[in-house]
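Sharing a structure with you now.
Each chain carries a letter (A, B and C) given by its place in the written order, and its residues are counted from 1.
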Amino acid sequence: MTDFDYAPALESRSIVTIESEYGHFINGEFVKGANHFPTINPSNEEVLSQISLGGAQDIDRAVASARVAFESTWSKMPGKERGKYLYRIARIMQERSREFAVLESLDNGKPIRESRDIDIPLACAHFFYHAGWADKLEFAGVGSSPRPLGVAGQIIPWNFPLLMLAWKIAPALAAGNTVVLKPAETTSLTALLFAQVCQQAELPAGVVNIVTGDGRTGSALVDHPGIDKIAFTGSTQVGKAIARAIAPTKKKATLELGGKAANIVFDDAPVDECVEGIVNGIFFNQGHVCCAGSRLIVQESIAEEIVSQLKVRMSKIRVGDPLDKNTDLGAINSAEQLSKITALTKSGEDEGAMRWSPECALPKKGFWFAPTVFTGVTQAHRIAQEEIFGPVLSVLTFRTPQEAIEKANNTPYGLSAGVWSEKGSRIHWASQQLKAGVIWANTFNKFDPTSPFGGYKESGWGREGGSHGLTAYLKSAEEGGNNE
Amino acid sequence: MEFYGLVDGTEISLRKFLQTLSGVDQIGAEARAAMLATRSIKTSAKNWAIDLAISMVDLTTLEGADTPGKVRALCNKAVRPDSTDSSVPSVGAICVYNDMVAIAREHLDSIGGSHVPVAAVSTAFPSGRASMAVKIQDTQDALDAGATEIDMVIDRGAFLSGQFQVVFDEIAKIRTLCGTKAHLKVILETGELVTYDNVRTASFIAMLAGADFIKTSTGKVSPAATPPVVLVMLEAVRDFHQLTNHKIGVKAAGGIRTTKDAIKQLVLVNETVGSQWLSPSLFRIGASALLNDLLMQRMKARDGFYPSPSYVSID
Amino acid sequence: MSDRIEVKKTYKLFIGGAFPRSESGRTYEVNDHKGDFLANPALASRKDLRDAVVIARTAHISWAKATAYNRGQILYRIAEMLEGRADQFASEISALDGISVKEALKEVHLSVDRLVWYAGWSDKLSALVGATNPVSGPYFNFSIPEPMGVVGAIATEKNSLLGFIDAIAPIIVSGNSVIVLASERAPLPAMSFAEVLATSDLPPGVCNILTGSKSELAPWFASHMDIDGLDITGVEHDLRADVKVAGAENLKRIHSFADGQSPARILSFMEVKTTWHPIGV
């Protein structure tokens, strides 16, 4: 009897063409940039390309072109025509979806199975969904003739590069706004490919502008007086900085920040599916997920069984080359993130929690972290309070349902939560008690363009998806003219 | 220890045990099976899997029109699936109705196939709607004729009306009858049980009562061995092994027509119960058309170009 | 000018994704605006309608289970296919209505955009009429709109293509299946539309197209006990009362609509289901 070793099943890279160097996408054209820095493949540290560090001037040009496009073209265009541009974009993205998936995995480090089956299809779906709103804004709940806000400055993170781009750009455009988007420093490539799609869709120049760079580029965008609305997804720390920066202005903002979600397991949970949900909750996307179920809060009477099944399941997680179709857990996105994860994980050990990982052969080059679970964790531990943003699960226990809720809510965050039970009324009760913007019952990490996403408390402001997300890009006719 | 020391043969004891089983979430189970279906099994892994799958096939004919001629042809195919390539393994077993067992056994022995067991379906297969006396006679006839594997059906009517002890007792009786002469596969007929909760419960009833294998279907009802159903049964087998240290086999029968389908099943086994079950002694695939698809895929791997059905024998 | 003889189209019914002739073998003559012969479309019988209803009922079951996203995409693809055939439809409308092809093209473009408008509703209806209801008690109470099943439609005589789109798209976008009786005067665009449907990904049987006599068939639509709803926009005002009386036998949901797009056309052929579930530990 030999083991069933899966042979390497690599998705081919040849579908993707990466330029040696990129500039920005402003006013419908690719323009040269400056101050290039390398973007690497985190699974092997190979340099993929050189990305421009956008400066104040680049931001200025981009905002100006977005403003002109807004005033002269986009805000005047009937909704049904705007919608048809968005449909074109959705269709072209669908056509080029394999190309996007491979590029995303190369640039981000996530497994091709996830980029192919989740990231890219969801991104396409977001454009499709919002295309259908463009000519129906009078039904969105902002009065009978809602207006766009103007020019939106959008800053997105590195964990779901193309998907976060879709979450930002699709509703903004559907509502009649134009955008300047700054992708994350380590993951700009799919945004730049998206710019090509905008060209193929013949999107009017200036409606979408993409300026690459780092935190300073983002700041320049936030501070620019020509921006009416800011949409940011990233760390709570930066979110607070943005809130302070725009306080004296009239700029509107939505923020989608961090989380430390509780995944609550009651003793009547469907065990196998629950274990799968726990694994999905914290190891999907290497745990680089704001809504990750990073705290397993399990009823004490069933804790041993769940943890033991969880460890068995974790031993089957395949860590490896993101382009291998059988990889479950890919690379950590950057050296910086890896050292944060390492440091916090060490604190868990130092503070007395018990650490366990399955045996894992980690590649020598690249940034890797084995799936890890800590048992014996309590709310007083750093690893129960601070967002690790990595494949590290903390396990706490509870005795009564009320205690589970109290522990779950005992955090400044409030983005998401999970509840596992076969009893419907208990699920509804828990959902009512939990202070979280997204609650998954008997499932986890499910996303849909129709389903609003966003958090309570320090997990941010506002929602994305559904009519709730759309209205963040609109104002009622009574609210006055643009930029007032 | 009788019934592994987990139940004592009384209804109350069985009910108590069954109540300790956790439920199955339909959507979650189907999602897990779907994720495992994305595994990409190529090159050396695929070749290994094809040969393993061939050795796990219970080559089956269960038609009213079966004749000695048909059964003998099946036996020839079972022993030498590809007459042009002796490296192809023989199948896991032959599966026929009990009145064909003697013919099959005799013919297999005469063509160098004495290593291929004959499995007989039993207990008023496929419906199971007959008296216990008939079911016992059905089984005894097969055993007397030389069957070393008995594929019995459970009483689904009894199961669905909540008479779990009736289901349990029938299995236990047939298990006793088989003794050391034959291993017992218990067909749950998952298509009629419908819910995954029922499949899990029926799996445990069968294992507690003495099944050596639990089997998905008779092949006469659709849906049959869908990936989520097999997944749920493998999880039951895994849990049972954790409780008793005893390994029960699983047979997936019905609806597995292509190499791709078969490999998906092997992946399910591998990632649920582990590689110890990747052997004909613990996993079987009940099929007829599948064998030729496996042979064609094998040819493609060997020759490097796509074959035609003209190059595999129809029986 | 070439002497080439044109291969003229035979217009047949569209039922279950196939193009059968009427089981009655009958046809009727359709002329262009000058009175010249254009085609012999099928004169559908009550048996054609009967067969279409059986097929539509089966098709509805899986169509209703498709995700809203999937249905929206399919309607969008229907629009894509229609856009590709714009010239074909424009020349048919031009011949029937006596307007220029350029004018006729306007109706075709409006029709494509109308389809796109309806397509975008598939996953937004809940935003409009779905709700969670704050009942006085510890219950989670939610209302969701659902398609009703098989809906019949008698298309208007105006705007042989646009009016036809207004008849079928709002019915099917929510998951219903439809049997539509095309404009009696100008059935050709509706029949050609069958080609558009056959090349989209719409499952067979979701949209079935009959041509024929309104006065003959409307009563059969009205009285059929396995039709759940009926759009009678194309029925003359003085005949509507009779239709409603016949439809009362199974309490058919019968509606007529003014020109133009409206979510009411979609919602009129949906039901709302409200569920209560206790909230408690």
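Following the convention adopted for this analysis, a contact is a pair of C-beta atoms (placed from the backbone, for glycine too) under 8 Å apart; a residue touches a chain by one contact, two chains touch by 3 or more.
Bear in mind that the values here come from a model prediction, so they are computed numbers and not experimental data.
Asks: Comparing centres built from CA atoms, which chain ends up most distant from chain B?
Replies: Result for max centroid distance from chain B is chain C.
Asks: Using the mean of all protein Cα atoms as the middle point, what chain has its own Cα mean nearest that point?
Replies: When every chain is reduced to its C-alpha mean, the one closest to the whole-protein mean is A.
Asks: Between chain A and chain C, what distance separates the C-alpha centroids? Give it in angstrom.
Replies: Their C-alpha centroids are separated by 40 Å.
Asks: I'd like the Å distance between the centres of chain A and chain B, where a centre is the mean of that chain's Cα atoms.
Replies: 44
Asks: Taking the mean of the CA coordinates per chain, how far is chain B from chain C in Å?
Replies: 49
Asks: What residues of chain B sit close enough to touch chain A in their complex?
Replies: These residues of chain B touch chain A: 22-25, 27-29, 31-32, 38-46, 48-49, 235, 266-267, 270-271, 275-276, 278-279.
Asks: Residue numbers of chain A touching chain C in their complex, please.
Replies: Result: residues 80, 83-84, 87, 125, 128-129, 131-136, 139-141, 401, 424-426, 428-429, 432, 449-450, 466-467 of chain A touch chain C.
Asks: Hey, which residues of chain A end up touching chain B in the complex?
Replies: The contact residues of chain A facing chain B are 1-9, 113, 117, 268-274, 276-277, 316, 325-326, 422, 442-443.
Asks: Give every residue of chain C touching chain A within the complex, in rising order.
Replies: Chain C reaches chain A through residues 68-69, 72-73, 76, 113, 116-117, 119-124, 126-128, 140, 263, 277-281.
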